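Take a look at the structures listed below.
Next come two complexes built around subunit A: one with subunit B, the other with subunit C.
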Partner chain A sequence: MNGRAADSGHDRAADGVATQSAAPRRVLLLTHDGLATLVEELATADAAAVAPAWAGGAGRAAGAPGAPRETEYRAVTGAAELAFGGRLPRLSLKQFFLPPTEVLFTWRRTAGDVELTAAPTDVPARVVLGARPCDAAALPIVDRVMNWDYADELWNARRAATTVFSLACGVEDESCFCSAVFLEPAATRGSDGSLTPVDGGYLVETFSDKGEAFVAAHADRFAEPPAGAAGDELRAQAEAFRAAARERVAANLRLDHDRVRDWLEHHFDDPFWATLGPRCNGCGVCSSVCPTCHCFDIVDEPESVGHGVRRRNWDTCQACVFTLHASGHNPRADQNARYRQRVEHKFLVYPTRFGDVLCTGCGRCSRACPTGQDLSEVLAAIDGLSRSGAGPDTGGAGRSHGAEGAAS
Partner chain B sequence: MSDRAATALYQPDLVVVEAVTDETPDTRTYRLRFRDPERAAAFTFRAGQFGEYSVFGAGESTFCIASPPTRAGYLECTVKAAGKVTGSLRQVDIGDLLGFRGPYGNAFPVEEWEGRDLVFIAGGIGLAPVRCLIWNVLDLRERYGDVTIVYGARSVADLVYKRELEEWAARDDVRLVTTVDPGGETPDWRGEVGYVTPVVERAAPRAEGAVAVLCGPPIVVKLTLPVLAKLGFADEAVYTTLENRMKCGVGKCGRCNIGSVYVCKDGPVFTAAQLKALPQDY
Partner chain C sequence: MSELQDTARRLLDEGAAQVVIGWEAGRRGARPAFVTDAAGCDRLIFDARCVHDLATFLNPRRSQVADLGRAAVVVKGCDAKAVAGLLREAQLARDQVVLIGVRCGGVAAGPEGPEPPALTADTVAARCHGCDVREPASVDVLVGEPQPEPPVAATLDERVAALDALSPAERLAFWTTELSRCTQCYACRQACPLCYCERCVVEKTEPQWVETSPHARGNFAWHLTRAQHLAGRCVGCGECERACPVGIPLGLINRKLQQVVYELYGYTVSDDPAVPAPIGAYAVDDTQDFIR
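Right, the complex of A and B next:
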């Protein structure tokens, strides 16, 4: 049927868990002025860059006096909009590859016939400038699901059309835990190139053909780094920025993934889960803001008598109807089971089927949760349980997914 | 439709409704044929696989393919009106166009079963996937040993494939036991009266070298598995299908998993041994 989509060489390289940061192919310099010109140039050429930008108009930007301004990823037309170094954007980059809602095809019924018209997959080439490394890293992670035996053409078309330059992250706050999920604040996984702040601008590194092609196409905006001591100084500044960020995030969370996975595999019915459901109201905002949550619904939307569209919409395992059978039977009948599914999908199911984890440690789910459910706290608790050996008494109810049958 | 390949993954093929059969007051069987003759000629599947069926305007729903792969040129699904799509199917008439994506999922290993005795057990509409298998086996009858079918429904009216039940009853190379729940019988009912599980126990099919296939409501499956074990069937020789809710059918939409097992990709066919290793999330 549909062939497995071929990975690009870059994606394959980035797939290794140990590969936090690839060796750059090229190192260049982008001054603040160069960046401003680049952004304007792209907008003029009708290929506006997607970048972190100050959110909304006057109304939305206000917030509490003195509060940091909200940011969002969007197509930018001028440097004044850029929010490099601002707060973490509310939503991840996911929306540019898997939109919250999209048409899969349209159908039209005429006399004795039905005509289906596919959604276009001719996505114009575009660039993301200044992606958070945790958002860029999510892309190759979701690629695996979208190409698991069957290729998702819409996702792949957007991936192929997009060049992603990440911006080394200074770490948002204590909810960040990228370093606990095989990444780091300057991780380059999923990035075609990266920017790291240095005096006067950014040190630019490229990691893929797409990244190289972009800097070549806009060669006038990029400069070779100065030779000798001045160049060494810039590289040292970049490394100092990365090291400081690495140190800042390191204390937030540490996980022994093998132990966490083993605990999850053998504690499906652990009483621990019953402590989490009551705090979750099932709103699913954690899924919406998550860069790696990719579950979707497929629905028909009649536009009128005789024609309509079939849509794919973001969905969430936190909703009670997610797994509800037509018979009324629901395999995940309470919120404990639904919250467990979110944790298990990310730290047991995905790792078992694809490797590493379905999480980049961006912390958005913790920040966005209206009831204060904090994934890093939950993971720390599971990590603790896995170390305590016995953990809470499973009452002999714990079941293994493995060949061993019931757990002890 | 030159652009069809662009989003082939979620865009169904058009199928023409060739026949509609009332099975019970709320259940019908739809016989479908691909409108594109090339697609029809190229289409193959294996017993146990499922598809995503579209009613344009209502949406898509997941059903097993209820017709056997040994009968080419059409496919059938048997559907109980329960939700939006299944309800809309009630309005469908002969000649109407529906959508079909598939076949998806794994299948019953019928080739491995050659030479063995087969026991088919189904409750209610759970006969649909088993019926695919039964005809598959009966169409290649000489390759298999004894065939026993135990089928039960709530009432006589709720028995599906009534004409085929008569056909199987008339064959001397099939042992058919039908039953209805107590109170579901009619004055002229000549089958058993009782739940499927005790009827299976009474029928006591020989387990040695045999394979059992068990499909039906979760409660029937749950209660009958221990009876099969008691009769001597090894967990590896007992097969069933799981019916978790699905949307994409191809491992992406994220709702049919049971632990690390995806019903759409790893199932829908599982052995009792595999079921026992799964967490209770189905």
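Right, the complex of A and C next:
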């Protein structure tokens, strides 16, 4: 179980050339009834099906009358729970591969020694039905980090055990910008298969062995698309859906990544950063909801006398203590430096190492931020600064001081 | 609006403040703004979307705000109560800050939207029910038209009463479910104007008082600790619940605390810093029957 998670065969090459969608291996049809039966069948077989579902809870999810209900990814047992047409789930799919907390090993003190037992890596097979393409694409992006200098057994085991079918996205709102980060609303990166809404159900396409194996194992639920004009009509509907979504999201943001990366590299001390930190609470909600943020903390917890566990828990570079040294010195002294870190990791550090960006443009950080920090606005501002021709570290010549430096 | 903008411009021009902390319209709705020049004052707004508690930015640990210089802060009633809390607890000196009070008739549940929503029982923030501050006191300047009482929403009190009516086992089940979503990100703490500790108890590791893992044990320990530390201090601004990325109804805990503190000490959170909070006061007739 120590193998590296393989990127899907159609993954974007690390040389920076975008491949947004792969040619499908198979094209099938899944009716709404077929989907309902499939979900129930998986539940009966004790095979977990994770899907966007209507969120539970007595808080915001209960909502004000008339407010749209929130959704969440969770293991579903019936079609009534499915929220394929709902809003973007509030947390990304990340939690099913890097849970908010997990045991790495348990320890037990024995006579004169300590016995260590590694956490099991035999993850039961499961399928994700209806992942947002921006969540599915995050998986191969994070694979690289999890297999860079150390192959993360737990992440890789969960990746290997999971088949991901994405759902072509109709675009959430003005905070989406997948098309500005090498993706699109129907991107197939990280997906073993995809579903695209058509009359009566979904056009299903497979892109990997895992995707093919899943449809083969549940062949009764999938149908061949009708031959002739009827089939052409369904394919045209799917393409029209994708094209409309592409057009919608493209209007939100455009970026020149080479220029953005270059600007970031040479403007570490730019006064621009001091226009962003004051608003930031330093709460890290942006990284909690982010499909690509993957930093974790390691803690040891005694369970009782003589035995305990080592766990890893989600962490965030936005927290003051993230870089606090034992001496009391903190190299990232304030929120200006911490917010800069988040942007630089995603659009300079990761790209320099892996030739890609650590962001899928899902926009969750902008939606979830309690103080209205807006990543696409910040990126647009950096893109603008990079065009203005200001030299390295000249720091915002021609810009007014204050938060309006980031205003679009 | 122009009264607010003119006031901000005057304070910056006169040098009474180097930064005005108020609200502006962002792409997703209202959000905090930090205006350092007269021209920027045109961006300042105040409407029902201005839900953020701006007292949070006066936390002396937020050096990136302090670096902008002496602040003038726009405060509605709940912000003013939080400022009073900071003054009462000696986190701030009154002459360090200029307070621009705005008359407030309630805010919406969230800051979203291109326009402020009409306030109705459905759109008003739950926390506005029972709010007694239309005009914040102890401010340096007061702006805006007189405001009506906020519409009455399904109140937090009713929801707390419904929880109180449950058996302890049912109540435990309710909170177990709600807290199971917590990832211990501490967004609730970061959004709280009164959570200003230099080093939070969850960040103390010798010994580790609170388990930081988001399992049931750690989550209960965190939320109970947070509640205890805010009893008699929480101003009910609701920012913790709004910041929570997984929608935990923290407002129910906060309102219950306010009720208990009122029952035991007759205290409601005041916007007058001279009124001592129970944690900072002693009276001979204080109830002691909890000591057994």
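Simple rule for what comes next: the second predicted complex is superposed on the first by the 369 of 408 C-alpha atoms of A that agree within 3 Å, B and C clash if a C-alpha of one lies under 4 Å from a C-alpha of the other, contacts with A are read in each partner's own complex, and residues count from 1 in each chain.
In this section, a contact is a pair of C-beta atoms (placed from the backbone, for glycine too) under 8 Å apart; a residue touches a chain by one contact, two chains touch by 3 or more.
Here the structure is a predicted model, which is why all the values come from computation and not from measurement.
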Fit or clash between subunit C and subunit B when superposed on subunit A: fit
First (subunit B), second (subunit C), both or neither touched by A:D297: both
Touching partner for A:A368 - first (subunit B), second (subunit C), both, neither: second
Touching partner for A:V289 - first (subunit B), second (subunit C), both, neither: second
Overlay on shared chain A, then closest C-alpha pair between subunit B and subunit C (Å): 6
Those residues of subunit A which subunit B touches in one complex and subunit C touches in the other: 297, 299, 400-403
Complex interface listing, subunit B residues touching subunit A: 1, 3-12, 14, 54, 56-60, 82-83, 86, 95, 97, 99, 217-218, 243-245, 247-248, 250-255, 257-262, 265, 276-282
Sites on subunit A touched by subunit C in the complex: 55-61, 64-67, 70, 90-91, 100-101, 174-175, 274-275, 277-285, 288-289, 297, 299, 301, 311, 313-314, 316, 319, 321, 333-336, 366-368, 370-374, 377, 400-404, 407-408
Touching residues on subunit C, where the partner in the complex is subunit A: 24, 26-37, 39-40, 43, 52, 56-57, 62-65, 67-68, 109, 111, 122-123, 159, 174, 177-178, 181, 183-187, 189-191, 203, 208, 211-215, 218, 239, 241-250, 252
Residues on subunit A engaged by subunit B in the complex (per definition of touch): 2, 104-105, 107, 109, 112-121, 145-146, 148-154, 265, 268-269, 294-300, 302, 308, 310, 312, 315, 317, 322-327, 329, 331-332, 337, 341, 344-345, 348-349, 352-353, 399-403, 405
